[in-house]
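Right, I'll just put the structure down here and ask away after.
For clarity, chains are labelled A, B, C, D, E and F in written order, and residue numbers in each chain start from 1.
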């Protein structure tokens, strides 16, 4: 018998759904859904790199995460209206970029920058891990297109990458916590892993109650299962090849 | 024989599509599509009004329009990343708010504020008129919910409201210009009208070539047809009653 | 018998006054007064164009509108003090720039940018239309100077351009509404027209009450009279040739 | 024989001109001209004080100084366009406010704030001292009006206050340096003094060449003469009583 | 034989130094040094809490981390000069606040907010973990003072908290990586732990090379040793009781 | 018998203390203490100059002054957190830069910029004068290093420069006023002088009570004594030669 409100087993993911091509102008895109959490992920590439890479022949990848105002039960104000960055969004943007860079061969890009945009349509827990997994799906689609169009000639992706969150509650561990569980758990850990099971990023916080290393170990085991479940799902949902409506990718702005 | 790239008659709208309920947390929402232009529209209500209305017992309606970064062929930078408002978005946000206020009975709200959010998923011309029409659809859905939940007890909407753009090209008029046409026309006029055919807002600019009043008259006739076509479409696409997943609208924040 | 507080006929402008040369350093300037509405208009030209025009050999024109703090009965805070753009000023700045570009031959400028600054000294209704008319006067003066100094060798202005506002109240139309009338009218339409009577921009909003197309037609007729009255006034107020105090225009900054 | 380009004696001010009432809505205002330097000065009063004075029954005075874009030979960008305060304007705003507070009895105001706005129409050296002198003229006009309208019942001004700049060049001192002289002098000192000859503020900088105390002494003597000249001019230019166009000052906003 | 440039064993911390009382006005403060990394840590308390806690009787703790401009070999521009938050500093500020909240009994504070300020004087790797450990030292000192002065009557700290970073390089693990090592390691993990050895926060990133779970396990063992070493050092460096120079803590601002 | 709380004579400085080398990465640095006022001063040099100097072969010097949050009895919010410049800090930053430029031979630098950073650790009156004196000490140390490393080949400093504040109270003058005195004095004057006794900058304000020129004269005499006392102290505190930890100054960023 499950202890979870939605009847899931403690090591069970919420249902996954991936809809490719939600943006007609992005080079790769998807709507990534985990239960009621829904994130719009888009990938584009543009000429140019940040100053510290100019002249190196190497590319860059950057990510931006934001909540759409109506993604939460109580409307979230836009950052630009407040003229103030949302610190949580800054932290998550950095996480997504760092994670994806770990599986991208930046030297394959030349002096181009990959932009990943994750905009949360509906927030019900796990938006940062859904963003990473969704960004990977969109990036996979984009790399196929770039190869076809000759924009990037070498292999961009070195490995697959997906992410899950695991909660700890009274010594128990719960895979893929949703928003209602999130407010109860002692700790919330995010595992970002490759398809081959190695760790890319680990980010866990415990505002309520410190946890033991044994609990972290259990979390890792459950996270590993979640990662595998997502990878299976990714294989079952066929990657839709991008059909350019009318013209090739615009990536070579002179400005 | 049509002069238009997509074969449309000069007074023919692009296909319309309305998908209700794209946001699980908004009180009313839809994805409004006109050809390849796609706008996410959300409506929420919150306690409180701007300072100039405090103590009057009257409500307010405000709107925000933004382009998602991947909505354009060349990625559009986020305003918050640049720490700079996009002036065009400011102008359109004001237009949407002004237009919708013209059909809303603000005194029926009490001291509450309706927030309308229009986020462009794909831009192919006519995003501002699509935003107004889509905002109306989402607002219609939201008012039904508010009535059921008793959040607003009086009738909110005084009339229907939709909008179309009309272009002028060498004395010809073209209904619902798309992006490729937009760069060619001499003038681009936006007509915001009620269901009963009266004018709410008229906004026309001619950076290329001034036009005669006769042309404006012709534009109005064609706009009127477009408005009627949208209203028919709205009747054909059944308004999906909002099914609250688990809880009533959250509108009464103390802060 | 007039219905208007100041005894004007419904199709009568307030008195016009134009004082050229209020700025000693601008290339063209005037204080444009319509009744109690007073706007300082200045025109300057500088080397350089926005990024999207670099290398095209074509120039640009941009405008900025702002309210001086003491221009209103209740002091208006400066935007920079609030560190927040005033959205209404943004909208009007865009309108002025767009309107003036419609009568300027940008290709005649080479890669230079014309800057138009409209600063409201006293606001009593119709500041945006007064800004457009005043900007045209200042621009006319500046183009004469540029021609004399050889800064711009071709003809810059393709036509004259002036603007008026027209209000609608219970089916009646009122030319050139002042601030006290503005709060009563159902609709306020701004007509920007050329000297030859063609339409450059039309911008009308009706927050109170939608209006019929017949009313728009009547507004156009009255607007046309107002436009003619301003043009007559412009002819009667001699354009003062700019007398450079000591040195030619500075337009060729290397930065 | 004078060493100065405009033939002035070393202890001679440029011609002064004061035009009262340039703003119809300000409670006191003037255009203050010293040679080619021209500053628009406005004074208004509003209910409310900064947080540190709330509940003390004491008022406040604050000042803002800005350059209009066309006030300089090379157009000055607006601070709000750059989204960046101009540090020089910040420094001068603080100076003006501090200086005027020294002659105002803040306790006479009750919890009201006097706003002084100095906007430079034309900059030709000495804008900060012209702003102080002009602000005093506008404030004098405003206090008369406030007394008549009963807005402030006690005497606001404790003394007169005017300001001059003095330059030092090779041991010589020059009263009221203009822009062309300003770039040559070794030091530029601003003296803010009361009508009775006491010092309110002294602000002198020497980026080129340190100066001796003897030179400072000479500067003071010349400054004293300039102060007297301005005071005489103020007596000769009759203070125009403010004629409210239609209604009393608006100072009691509830917000 | 050590593989490290400074001759340390792979599980050896750099020398620790704690100087209490570097700020005369802070309620608790220290200069926390780990090798060449030096962080100024200050703790103050003020009345008031963020909006979401008002009326709950519970307090809050917030932290801010910044780099002093001269803390790096190449000067770091101030955020306020660029008018742009440094995203890395935002992320670290959130980490420090979250970590410290995990050992503070917020309900013991009443509606007061603890402010922690960590300003890096010299950056040589590990500034975020040094900030956490240093903030704990300063907080410990502050709580003693608050108890003496009766500002907080209950026990504030529930446990001790310190932090270390561990790097992974070719399957080896290195405790407390410095700046030169940081650019070489495959992964950099930060462990925030209590004195009793439980985990408060774990934050690890691998931009170069994903790592195995076995490596994470090894990292944990080495981190545990580092944590113990710091705790021993804390016991050896006597906590200097705060001697208020002249007056008790100012924490009860009305604003 | 002294009238001062700390028993000082009216023409006596508080104790001075200078600790060189507080920043390991700055090219010159010190902690400058005057009584309880403590300022961290750092000097670095970088390639590049502001736009108005590009191509002139001449260098620049700029300064930034800020209060650390815990430097005051009531915590001072960071400017970046408020997203708003502190106007007082802007004014003082400009003063420090202007003063130091007066003794630096900018043409000796080539197109390099000297950055001076003054961060107040503890504020007890006189932070701006302490910043100037401390900046001079740090700059003196840096110039020795730059000479040794060959970064700047010519002599940078043309003279010594130190600063003191003098207060006036009921016609008496007080050298080096502290915070508690600062709130009582009628006037507070800052004298920035060279070692040879000439005036670089004079900045005096009297918000409470205008003062006579005789008082200014007395202030100058006392200031002169304070300047001499500081210069003596500077000679007694040996300038510590900078010992680069590991590598020469990094000043030649290409960006």
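Here is the rule we go by: a contact is a pair of C-beta atoms (placed from the backbone, for glycine too) under 8 Å apart; a residue touches a chain by one contact, two chains touch by 3 or more.
Because the structure is a prediction, the values reported are computed rather than measured.
Participant: Examine where the copies subunit B and subunit C touch and state whether the two sides share over half of their residue numbers (same) or under half (different).
Facilitator: same
Participant: Pick out the pair in E-F, A-B or B-C whose interface repeats that of D-F, meaning over half of the contact pairs match by residue number.
Facilitator: B-C
Participant: So the centre of each chain is just the mean of its C-alpha atoms; given that, what is the distance between subunit A and subunit C in Å?
Facilitator: 50
Participant: Can you check how far apart subunit C and subunit E are, centre to centre, with Cα atoms defining each centre and the answer in Å?
Facilitator: Computed from C-alpha means, the inter-chain centre distance equals 58 Å.
Participant: Averaged over CA atoms, how far is the centre of subunit A from the centre of subunit E? Could you give it in whole Å?
Facilitator: Each chain's C-alpha centroid was found; their separation is 29 Å.
Participant: Return the residues of subunit A touching two or more other chains; collapse runs of consecutive numbers into ranges.
Facilitator: 83, 85
Participant: Show me the residue ranges of subunit A that touch subunit E in the complex, using the header's touch definition.
Facilitator: 85, 87-88, 90-91, 93-94, 98, 101-102, 159, 187, 189, 193-194, 196-208, 210-213, 215-216, 220
Participant: Write out the stretch or stretches of subunit C touching subunit D in their complex.
Facilitator: Spelled out, the residues of subunit C in touch with subunit D are 22-26, 29, 36, 38, 40, 42-44, 46, 64, 66, 68-75, 78-81, 83, 85, 115, 117, 119, 121-124, 245, 247, 250, 253.
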